[in-house]
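Heads up, the next two complexes both have subunit A, just with different partners, subunit B and then subunit C.
Moving on, here comes the complex of A and B:
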C-alpha cells in the first residue's frame, strides 16, 4: 500500500496510512488511548485532554485524537508523565461531577466511571463545595443534568453532523458552560435520542428509561426495529419480561448505533394496556373473551366447512409480520384454502423495479451502498422523515466522502442543506427533470437511485432506462413503508404473484376487490387494518382477525386472535433494500401467540399439511424455494444483514394503481404508532413531510 | 425585522468583508450593533440574524450566551461598567463598586427603576494605567473616585430633570 507511515507506539512498530490519527493507529495494534471527546466519524474536538500521549522530540504532551501519524514518530502511551496527566485530567473532570453513581442511570456503563477505575487517582485534592445546577427536562424523552456533563460535545456533534438537526449548542462559558437546547428551555428536534445514547456520562438521560434499572439487571435481545422499512438493529433491554429500553450501543447491524425516535423509544406499544391478551369470539353480536382452544377450533371448523362448499375466501396479510409468517400465510391461502385472493397494503413497486432490471447484475443497492456511493439521487421521498437511517447514511457519506447528493421531491427536504442539487417539482413531474441532471450525474462515476412510491409502473421502467443511459454503474432502492413491506411482496402476499415474483397461473382478487366483493364468504386478516379506510361489502362474511389491538377491523370480526408483535418473536424480515435480517424475541406478552403459531395451529386443526410452523423450518423452505432467498445462513444467524439476490427474470406488472405511501413520519407508524404513547407524547408528533 | 437605514447599510458592508460562504463570521458585530439599536438581544433579533447569516438560531444563541457584553434584557440608558480586576482593585475598584451599588440601589446586571442606570462588575477594561477605570456605555472614565462617580451620576440625573 502506498503512503504508509512507519512509527513506534510503546515500542511496537506500527505502519498506518498517511493521515491516520495516533489514537486510531494505537487501536490497530491493540493499545488503548483513553478519550471522551474523540468519537469515530465525528469532527475532532480535543476538548477532554484524556488522550494526551508523550511523543519523543515534542516538548509537550500531545492529544492523540488530533495528532496525525508521522514518519519515525515514537509515541509512549503509558509513560509516567502520561499516566500522571490522565490522573490529573480525571481529577479535574471530577471536580464538579457529582458522585451520585449509585442513583445515576449510567452507573455500570459510564465511561467516566470506567476511566476513573482504570486510570484515576482514587481520591481528589479538591475540597470545594460542588456547584449544583438543577436537572432540566428538555422533552418527554430527553433530560439534562448539567453538573454530570464533562463537556465532550459528543451530543452537539451527533445532532449537528449525524442528524443534521443542530438542536444542541453550548451555552455560557468557563465553569458555567453547559449544553443548551435549541428552543430556549426545550428541544424541538427529531427526538431520536442519539444524544442520550452517545453521552459518555449520565448528563443526558432518556425519559423512558431513567431510574428504571441498572444495565446488569437486564437481558438483551438484538432484534430488528418493527416500524419503518430501513431495518435498523435495535437491542431491547428486557427486565421481567418487559422492554424498558432500546438502543444499539454495540454498533451491530446495518445502522451502527443510529436509531430514530421510533426505534429507540417507540417500543411501548408492546406493553400497551390495550394489547389483546385473550381470543375474542362474537356471541350474540358482542365480542366475548374465549379460550385459545375454543377460538382456534371455531376458526378451523368454519374454514373447513366453508372450504368444503367451495366458498369465496379473502386473505389480507401484514407489512409487519415476518417473512416466515407471510410465506406460511400465502401457502395456507393457496394450498390450504385453494384461493389466490390474497393481498396486502402495497407501498412500493418492487415488482416493476425487478422487471425493469431484467438482465442487470448487481443493480440493487444495500443500505451500506448509500454510504459508499459517489453520488445518490433521491426521488419523491422525504428521507429524513420517512427513512431516517437512509438519510443518516447519506449525511455520513457526504461528511466523510463528499458524496454528491441530488434530491427531486415534491417539497423541500432536509438534504437540501448539503445536497449538490435539491430540486422541488410538482408531483408527477419528477422524471421529466432528470435529463437535465444527466450530464452532472455522469461525472461522479457511480450512482444509487432511491425512489419513493410515487414512482411506479411505467415510471420505474423509464427511470431504469434513464439510469442505463448514463453509462455508469447505477444501483436502485425502491422505497417501501413498513418493516416487512418488502418481505410481504417477496413472499407473494399478492393475488397475481407467488413467492419470488413467480406469476400466479390464476390470479385472484386484490385488496379493494376483496373488500368490495358482495359474495365474499370469509375474510382472514392478519395484522392489518383495512376497515380503517374501506368497509366490507359482503354482509354475510366470516371475519377472522389476528392483531395486537382491537382495531377497526378487529372490532368487526367474528373471531379475534391476539397476536405477538415483532419484538416477541423469531423469524426474519426484509428491509426496503432487500436485506434479510433475523428477529430475536425479547419481551413476553401473556396470552398472545405469534402469527406463525396461530396459522400453524389452525392448519393442524383443519388437518392440512403445510409443514412444521417453526420459523427456522419455514425459513429453510423459503431459502429452498423462493428465488433470491438462498442467503448466507451464518450471516443471518450472527445478526448480520444478507442481501437477497435480484430476480433476474421477467416479472409481470402487479397493479401499480394499488400502491400507496403510508405517509408515516418520524413520529407515526400506522397502527403501532397509534398505540405508542411515547411517540404521541413528543410535541413534534405527528410530524409533517416536506417541511424541514 | 427591519433596522434603521444606517444599520442596514452597515450590515451590507460588513457582509461584504467576509469571503463567500463565511458570512457567519459577522455574527458578533451584527449582534452588538443591532443590540445598540434594539436595546437588547431579543429572540426576534436572534432569529433575524440567523436568517441573514443562513445559520440555525442556536448558533447565534451560543454566541450570545458566551459574550457578557451581549444581553437579552434592556439595560439602563447609562450602562456603568466598573472594573474590579487586579489593577483597579489595588487602586480602589472594589470600593468604587460598593459605592455605586449603594448609591444606585442596584447590583450586578441590574437596572434602576427609572431605567436610567444599570451596573455591571467587569473584568479588565484594558485601562490599567489609569486605574481605577469605569465605562459609561462606550465612554471611558479614568482614575475614578467615589466623588467623581457621584458627579457623573448626579450630572446625568440633572440633565434628565432639566429636560
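Moving on, here comes the complex of A and C:
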C-alpha cells in the first residue's frame, strides 16, 4: 500500500495515496469537481479553471486537477467563492460561444450544456458582438467549428499522446486561439475520430454523423467491431433502422473509448446499396432473384441428393462470422454432410502457439495485459496499421507506466517513437536477433510477446523456447487478422482439427486442395471470397455462397443467400488474444438472414438434427464441449470480455504453410472495406504497411 | 552606437549605469578599462555557496516584475543534479512603460555577460541564452556581435581566462509576444515551441529549459550581480531599504518634462522622482495619477504617491514596483481611454490558454471601447469591475492578473470619469427594462 494522506473535502474525511490529485480524491467520496480540460489518462492542462477549489491556508483558489493531496489539507468545493468562480468561468466561456444548441450535433450530450445547467449563472451579461469564424472541413470524416471550441485541448492530447499521431496543434492567440491541423488546412492522420469523440462540445463533428440526429432519437446497441481481430467494444447508434454512428462513449469494454477509423466510421458497408437483399438462383446461366423458400429448398435438395450418392463436398467458412455460426457450420459439414473438407483463410498459427505452450500456466496475454506488462516485444507486425487497439494500449502503457517496448519488424513502425529498441530486420530473420535482446528483456521482470503471421510452425516453438529461456513470466499473443479469425480456428473450421483443437481422426482437404480438386461436387462458401485469388478447378460443382455482397465468389455461385453482417446479429466472437465477447444486433437489413439461421433452415429442410439454431443454445453447447470455452457468462452478458482458458496439451500442427496475413491496414478491411465508401473516402493512402 | 544619455542627475545613484556615459561604453576595451569583469574575477575565487550567500545578503530582488529575491532563486537550483544547468536571461522587456533592459544592452552589454557568468559559476552552468524580444531586432544583432567579441577575447567558451570554467552563451529571438516574457512561456518559446506558460510547480530552478535546472532572471537583475560581488552584498543592501537592496533603473515616461531612464536607490520618494528627476509634470499641469511599475501595476492617485519606492512600500499602497516602468499622468488624462487602451493591449497579448484571461480580456476590451465612446449603461461599469474580480487570481499565469489589477484600480478610483462619459455622450444608451433577463412568471 502506498503512503496514504489524510485530508478533508467538504467536511468529509478522505484518505488517498500520496500524489493523488484533489479532483480524483474528491471523486472517491462522491464529490464532483467539474472540469473540461482534465481528462484521466492524458497530460494535465489546468486551462479551463472550472476545477478551482478553495483550500484552507492557500491565498488563492487552486486548480483541483493539478493539486496533489497533502496531509491535513482542508478543501471546499462548494463554498461561495468556488461557486462564484465556476459561474464566472462558464459566463466567460459562453461569451464567444455561438449557443447554436438547437442545430448542434452535441445537443443533449454536451458537457458545456450540462455544466451550464448544473453550475451556470442562468443569465448572461454579455451584450457585445461575438467572435465568429467559419466552419472548416479537415477531412471527409472530421469537421471543425471553431466558435464552439472551448479550448480544452483534449483533441490535441488524444491525438498526440493517445494515438502518437500529432495531427493537431494550437494556432493564433488570445480570443482568436484555434485548434489547427499541423498539416495546415487538413488532417494527415489515422482518421480515427478519437478527437471528435473526446470533444466535450460540438466543435469537432463527425463527417458521417453530423446533422443526422439528436442523441435521444436513437437506439443504442453495444456490440463488437467487426473489422480487425482486436475486438473493440462499440456502441452503434441506430436511427430508423440504420446505423448512423459508432462510438464507445461509455468507456466499457477492453478498449475504453478507443476506436480506429474502421470501428468508428467503417460501418457504412451495412447500408451499402450493393447489399444483397434477396436470394439469387442461377437460371439459364444468370443469377435471378428468388424467394427464400425456393432458394433454401433448392440448396437442401441438391445437398441431400449429393450426399446420398457420396459426393465430394468442400466447405469454406468465414473469419467474420460468429463462434456459433462457425461451430454450427463445422458440425453441419462433419456430421450433416459427413465431410472434413472444411477450412477457412487462416491468418495466424494459433495451433502452434497452443502446442508450444503445452504445460505452461497462464501464458496467454489479454489485451489488458498489454497495458500492465512491464515489457512488450512486438515481432513482425505493424501494430499501428493492423492492430490499432493493441498499439493504443502499448502507447498508454508506455505513457503511464514507462513500459519497455521492443519491436523487431521488417520495416519501420510507429512504436519506434518511444520504444526502448526498435529494430528493422530482413523478413525471416526476426528470431535470429532475439538472443541479443535476452539480457535486456530479463531485467524487466515480465514480458508479453506479440507476434505476427510471419512467425509460424517451428518458429513459434523457437519463440516460446526463447521466452522460456528468459526465466521471467512471459505471455503471448498470436496475431490473427479479422474480427473472428481466432474463433474460426477455435471452432474447428479446419480439416484436421475439430473444435477446441482436438485432432480430427480423418483429416479432410484444406482450402487450396478443395479449390483445386477436379472432382469436387459441391462447394459451400460462408462469408468469404476465395475466388478473388484462386479459381475453382472443378467444372461440375454446385456452388452455394452466403454473403453480404455479390463478391467474385458469389458471382460464380449457383445459389447466393444474402446474409446479415455482425452488426445485425447476436452471437459471440473471440479476439486475437482469445477473449470472448458478445454481439448485439443493432439495425436490421431487409431480406438478409444471419448465417446461423440460414444454416439452421437448410439443416431443417434436409431433415438433419444439428440442434436448435439459436445463438444462445449453440453457445451453451460450445461452452460444454469446446475446450477453453467454459467462460464466465455474466461477464459476457454485461458487455465484458472473458478470456478463453488455453488448451493445455499437445495440439497437432495444422498446415502453417496456408497462413496468410490479410494485408489489411488502417483503412482496408477485406470485402467489408471494399463496400465502405467512408473508408475509401479518406485521403491517406490505404494499404501502406511499414511506412518510413 | 551614438551615446544619447545626458549627465546623471544629482539625485541618481549610478551603479549599473556608471559606464553608460563613457565613450564607446559598449566596447570591450572600455568595459575592461573600467572594472569590467572584476566582479567575475572575484567570483572565480569564491565557492558557489559563497557567491549565493553574497547575493542573498545583498537583498537583490528580481527586476523583471515580481521582485523575487535573486539569491534565493539561485539557491533553489539543485547543483548536484546530473543534468546540465542553464542560465537564461529575460530580455523580453514588453511590459508597457518599461525600457531599461535595452539601455543596459545598448550601453553596457558586457556587464550583463559578467553577471551571467557569475550566476553560471554560482549554479555550475555551462550554457545560457539571452531571450530578446523580437521587436528589439537591432539589439539582437548588437548582442550577437558582443557575444562574438566575448568569445574572441576568451570571456565565453572553453576554459574562460584560464579558469577552467566553460560557458557558452547565445541569443534567442522572441516573435512578438508579451506572454513570452513570463518565465515558463519564455522557456517554451526558447525551446522552439508555442509560447504558452507551463504548469508550476515545478519551477524553472528544478525543471527549466529543456527539462534541466535553470536560473532565469531579468537583464537588470544579472547586471546588478557584478557590483554585488565586487563591492559586497552588505554594501549593495545598504543602498536600499531593508529587504530591498541596491539601486534600480527607473523608466519615467508620460506627462513629464524630462522622460528617461534614471538609476535610483530603492526607497526614493516617488514624487521626488517625478518632480526632481523627471522635471515635474509637463505644461504646468497637475499630477492626476501614476502607474508605478508598468501597465499591470494598479495606478496610484496623486495623493497616494508620496511614498518610498521599494517593493514592500508599494505593496502596502496596493500596487507594485513591477518592472520600473513608471507612467506619469497629468490632470487631463482620460482614464477611461487609458484603461481601454491598456485592455486592448492585454486582449491582444493574452496567449489564449486559459478561459478567464482569454475571454475576460476581450470582453473587457469590448465594453471599455464602448464606454470610451460613451455607449453603455452604468451597469457596464459594475460589470467591468466584476469581470476583473472574476479574472483576478483565477488565471493560469499572472497575465490575467496583470490585466485585472489595473482595471479594478482605475474603475474604482476613477468611476466618476466613466459615469461622466456616459452622461455627456450624445446618444446615451439606456437598456429597455427587462432586457437583461426574462421576466419571471409568478
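Operating definition for what follows: the second predicted complex is superposed on the first by the 687 of 692 C-alpha atoms of A that agree within 3 Å, B and C clash if a C-alpha of one lies under 4 Å from a C-alpha of the other, contacts with A are read in each partner's own complex, and residues count from 1 in each chain.
Note that in this section a contact is a pair of C-beta atoms (placed from the backbone, for glycine too) under 8 Å apart; a residue touches a chain by one contact, two chains touch by 3 or more.
Just so we're clear, the structure is a prediction, and the values are computed from it rather than from any experiment.
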| item | value |
| --- | --- |
| First, second, both or neither for A:301, with subunit B first and subunit C second | neither |
| Touching partner for A:173 - first (subunit B), second (subunit C), both, neither | both |
| Contacts of A:95 with subunit B and subunit C, given as first, second, both or neither | second |
| Touching partner for A:424 - first (subunit B), second (subunit C), both, neither | neither |
| First (subunit B), second (subunit C), both or neither touched by A:182 | first |
| Which of subunit B and subunit C A:503 touches, first, second, both or neither | neither |
| Touch count on subunit A, higher of subunit B and subunit C | C |
| Which superposed partner A:131 touches (first subunit B, second subunit C, both, neither) | second |
| Contact residues of subunit A, present in both the subunit B and the subunit C interface | 169-170, 172-173 |
| Contacting residues of subunit C [partner subunit A, same complex] | 177, 179, 194, 196, 199, 347-356, 358-363, 366-367, 370, 383, 387, 390, 393-396, 436-437 |
| Complex interface listing, subunit A residues touching subunit B | 166-173, 180, 182, 184 |
| List of subunit B residues in touch with subunit A within their complex | 43, 56-59, 61-62, 65-66 |
| Subunit A - residues contacting subunit C, complex | 44-50, 52, 59-61, 66, 84-85, 88-89, 91-93, 95-96, 122-123, 125-126, 128-129, 131, 150-151, 169-170, 172-177 |
